[in-house]
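Pasting the structures here.
Here come two complexes built around chain A, the first alongside chain B, the second alongside chain C.
On to the complex of A and B.
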């Protein structure tokens, strides 16, 4: 009895490997190898002008290897006060972004879960900010926030709320907070979608029971909705944290890290060091410290969410 | 059994007895506020794109534009001459590049990523858990850390400033999602379907291509639409890898125009609106499948 079953399993496994192999090879070539190669670059003295010398062959392409200089790139970046100020700024940015995205995302979900005419249309609207390129997101907020032609200054002035115009992107701390909120505008709708999906599976009996017990709206939210959404809330927090660490494109469009480095986060610093100043060694070192933070979070994410809900992996 | 979920009774946690007049007013005020917050900025982008710059600068500001014009669109489409037409003439070719790159990446993803998703949903095989963990891990990976490596690898391969290079690079962040979304989708397709196909004399590959795939339209649409959207909108990778004129995609061109002081905002707004439209329409068309697929295979994005 056992043998045929075993051989059937074997052919099933072979077939499965045949199905996943193209993807795994692709992931190796476009993710795992570049990831290792970037790590290597962060320990070397990258010289973009050099075309000869040692290299490593992958798929018939000779990728250059540069001179190993140990931890020198890392020592160089942690010696730079800008690295540390960017790190603190990144932490502020991430904290503020996670808070805003979770609170506004939940707020919108609470409104959209109510029963009203046109609710499907409202849910479609959620997808609009989220489906825009960040370049366009930045662009349309420039149209609203710009000092000269921005709509917000025009409206505020017209309502008589301000005397002079506000320069939302020229004052450092204001600009950082504007970046947080603009990114939140783009990302919070996705949190709302996750919250709404979670809310749909909450048993109605829990609400009836709470109501019988005389619970008001906020008590039902606090003692029924929120506990039931615990895993979704956690997922939203982790995704927002990772996305906050990585945000780069909005900075490019809105502030370029300025004024005077006041919106320079670690990802922007690493990006600029690598691609504006072409210092690949220190640049990848900065990006790798950022990656380390993200991977730490991935580990937490996997342990607390995926491992709990998908024991099969 | 007998437990009705909130969704089944059309009740989502609010009061299901008649609302008081006060709470109804509050609810509708909140709905209007949320709607304005979500689409107001995008509508304003459209308004600016059909306005003259002088009306945007005018104070007091008129929220309803006193003059409506298609000049901005004519400029970026090359129908009228203006001082920055060199910049504007890049819009259409770069849109074509975006279309080619996003289209190719989507097809690649749907062919190999879907196949892998099916295997992960159905079979046990060696290293399954490990490779699935690797995929999850790549989803959380900052793409930006890969760009220095892509830069040197593609340069070594002679693929710098080519669309092929971008297609390769884009697979790094799309493929893990496609596998994940499709795995989640195939888990909802009953395995009895494959089994009966095998009984009917199909081999395993035929069971997949002839029986399972034809009923997987919703999953494929979700995965395809999401991949296309990610590629169409991607900015940083294209900005860094394809710097030669004519080789890049739309977002870097729009960002480049934004950096020029001699181009009116209204013209840039027109190109932004035009560039946003395909992704927005695509997402709205496939929203049902997309939302299902994304909330099932929860995602960074």
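On to the complex of A and C.
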């Protein structure tokens, strides 16, 4: 009898490890290493042009470790009033955006769940804002809202509704709300898509039973649709929150954080600190506080929406 | 059809290959140097490609050009240096030049052939601004120089019965007030108060200089709280903003380019911005309602001084092809063939000026500028251009960006002028 070749004598577990190893390596290189390295940078004094300090060799490439300075970057950023004003502005931005995206996303999903002529076309058109790059979205909305060239002012003036042109970005708080609304326009379709997918998985029997019990439209929504969509709501809130915290491109295109610092959020401050002031240590520290906030809010959402309703035992 | 044997095929293809290789020999031999890498930020990259191709053809060079978006340009160059990549010739803006030099990314060019001759041809102010902080080393050759100018909409002034453009700031405010009152323009004044590094702060320095004020002392410390001229300029800014003489949205414009496009509409009477923007305003009828030459330049009000700066081509300190890199740099920022080829192209195509006055005697340049600006007046304005040395300090970039918010708050009246000026001083001290 022929003996099996040595290379084939894998145990099942070893074979499994062998199969997933390339993926694990890819995850390490693409996700874990950059995460760990950027976290490390937030505790160091980084100067990209002076890399004579300690370093590690990875596959022949020298990765500088820079000088460890402990929590000094974090202490420095929390000592900066601009950090705190940007944090409160970020929380307002994220709160308003998540609310708008979830409510409008749900509203559009409820409409598109109903049967009416042209529904397939509407469902396809819905995805266009979401599929656009955010730089394009920003430029598009400049074309609509601009004081001088904006379409909206032109339309309002021709209809005789305004005497002089309106400056939508003049006041800082208004400019921040413009950013919230433009981002909602871009992101709500994705929430709609998720809600629609969730709604289509709800058994029609539940709605029939509710109707037999005399439930109206809003009662069916409150007691059938919403509970069944709990996990989708969780997903939408988490994604909207993370996207809201990280939003940068629209600020770059529409306001650059101005007027004054009235539209400066933490992501913009982190970007500026890192890439405009070349302060990679404090910059990554700012951005890691954002990461911590995202994780915290995800935990809160999970406790409020999912964990409370999990069956016991 | 005749069948070909394997042997015949190999022999034939070998012969064809050998003849092709031999045919390439003269071309390869003609190429003198090794490849030179050249990076710049995105500004008319097709123009750059054209003159790089011209250089490669005429000087048998092997230059590889790459354009990187402006916002990421300087960080990208630094991360590439971190990764060990050597880009032989690089654009560098004035704010980063000293930092690159002090950290060993670029080398001085004083010891390279032809530098002394170019130094003699350059205006002293531009030469100073290209030098290291201690004034001993020349850190690059000029890409372009520019300064702030005053532009005006001649038909609008004529319509309002204003015979000549404003010579003083008070007169400018008076004209704008009249234009608004007569409903000739809703917002007659368009200062470059945009949010980018080329907007609010260079405009701030220009107006301070025109009031005869200093912004920095000899040790590069901000001294605006001690200068009456700065307070005068800021009080004027508050006044024109409060009187709705300025389009408030200029505070959220993201670039000087976006800002100058507002002037294309012909709805503003006065605009202050970089000199080269007048080329599109007064010289491009396909874009601007103020072309041809309905927008004009006037001497900067006050004492006529305005902020001037010089961006540059620099040579990598670790380049392994120094001779070829320097030859390319001289072609770009100097006068390699005696015809100012690249400098002249920028003048003709984009109105980007350079610090070599002798070039402005060239008939082609005179004829080209005549289509959009009064060249003699522009040259007079350059004589009043004022450079600073503070951008050679390591804190300058952060100060320059963070100061915008303070100045915007002064403009909007959210901060009183004396308090705002003290905040600027405090900001600089906190970073130094």
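Note that the second predicted complex is superposed on the first by the 277 of 313 C-alpha atoms of A that agree within 3 Å, B and C clash if a C-alpha of one lies under 4 Å from a C-alpha of the other, contacts with A are read in each partner's own complex, and residues count from 1 in each chain.
Here, a contact is a pair of C-beta atoms (placed from the backbone, for glycine too) under 8 Å apart; a residue touches a chain by one contact, two chains touch by 3 or more.
Predicted model only: the values in this text are computed from it and were never measured.
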Partners on chain A (chain B, chain C) - clash or fit: clash
Which superposed partner A:223 touches (first chain B, second chain C, both, neither): neither
Touched partner set for A:74, first chain B, second chain C, both or neither: neither
Chain A: partner with more touched residues, chain B or chain C: B
Contacts of A:170 with chain B and chain C, given as first, second, both or neither: second
Partner chain(s) touched by A:92 [first = chain B, second = chain C, both, neither]: neither
First (chain B), second (chain C), both or neither touched by A:64: both
Which superposed partner A:234 touches (first chain B, second chain C, both, neither): neither
Which superposed partner A:253 touches (first chain B, second chain C, both, neither): both
Overlapping segment of chain B (options 58-66, 238-246 or 292-300) - the one that collides with chain C in the superposed model: 238-246
Overlapping contact positions on chain A, where the chain C interface meets the chain B interface: 61-62, 64, 146, 148-149, 252-253, 274-275
Partner chain C, residues of chain A touching it in the complex: 47-51, 61-62, 64, 82, 146-149, 164-165, 167-170, 175, 252-261, 263-264, 272, 274-279
Interface residues, chain A side, partner chain B - complex: 9, 12-17, 19-20, 22-24, 26-27, 29-35, 37-38, 41, 46, 55, 58, 61-64, 108, 110-116, 122-136, 138-144, 146, 148-149, 151, 154-155, 157-158, 185, 189-190, 193-194, 197, 199-205, 207, 217, 220-221, 224-225, 235, 239, 242-243, 245-246, 248-249, 252-253, 267, 270-271, 274-275, 280, 283-284, 287-288, 290-291, 294-295, 297-298, 301-302, 306, 312-313
Chain B - residues contacting chain A, complex: 3-16, 27-28, 30-31, 34-35, 37-39, 41-42, 44-45, 48, 53, 56-57, 59-61, 63, 112-113, 115-116, 118-120, 122-126, 128-129, 131-138, 140-153, 156-157, 168-169, 171-172, 175-176, 179, 204-205, 208, 229, 232-236, 239-240, 250-252, 254-255, 258, 265, 268-269, 272-273, 275-276, 279-280, 282-284, 287, 290-291, 294-295, 298-301
Chain A-facing residues of chain C, complex: 71-72, 74-75, 78-79, 81-84, 99-100, 103-105, 186, 195-196, 247-249, 251-252, 254, 262, 265, 267, 397-398, 401-402, 404-406, 408-409, 412, 414
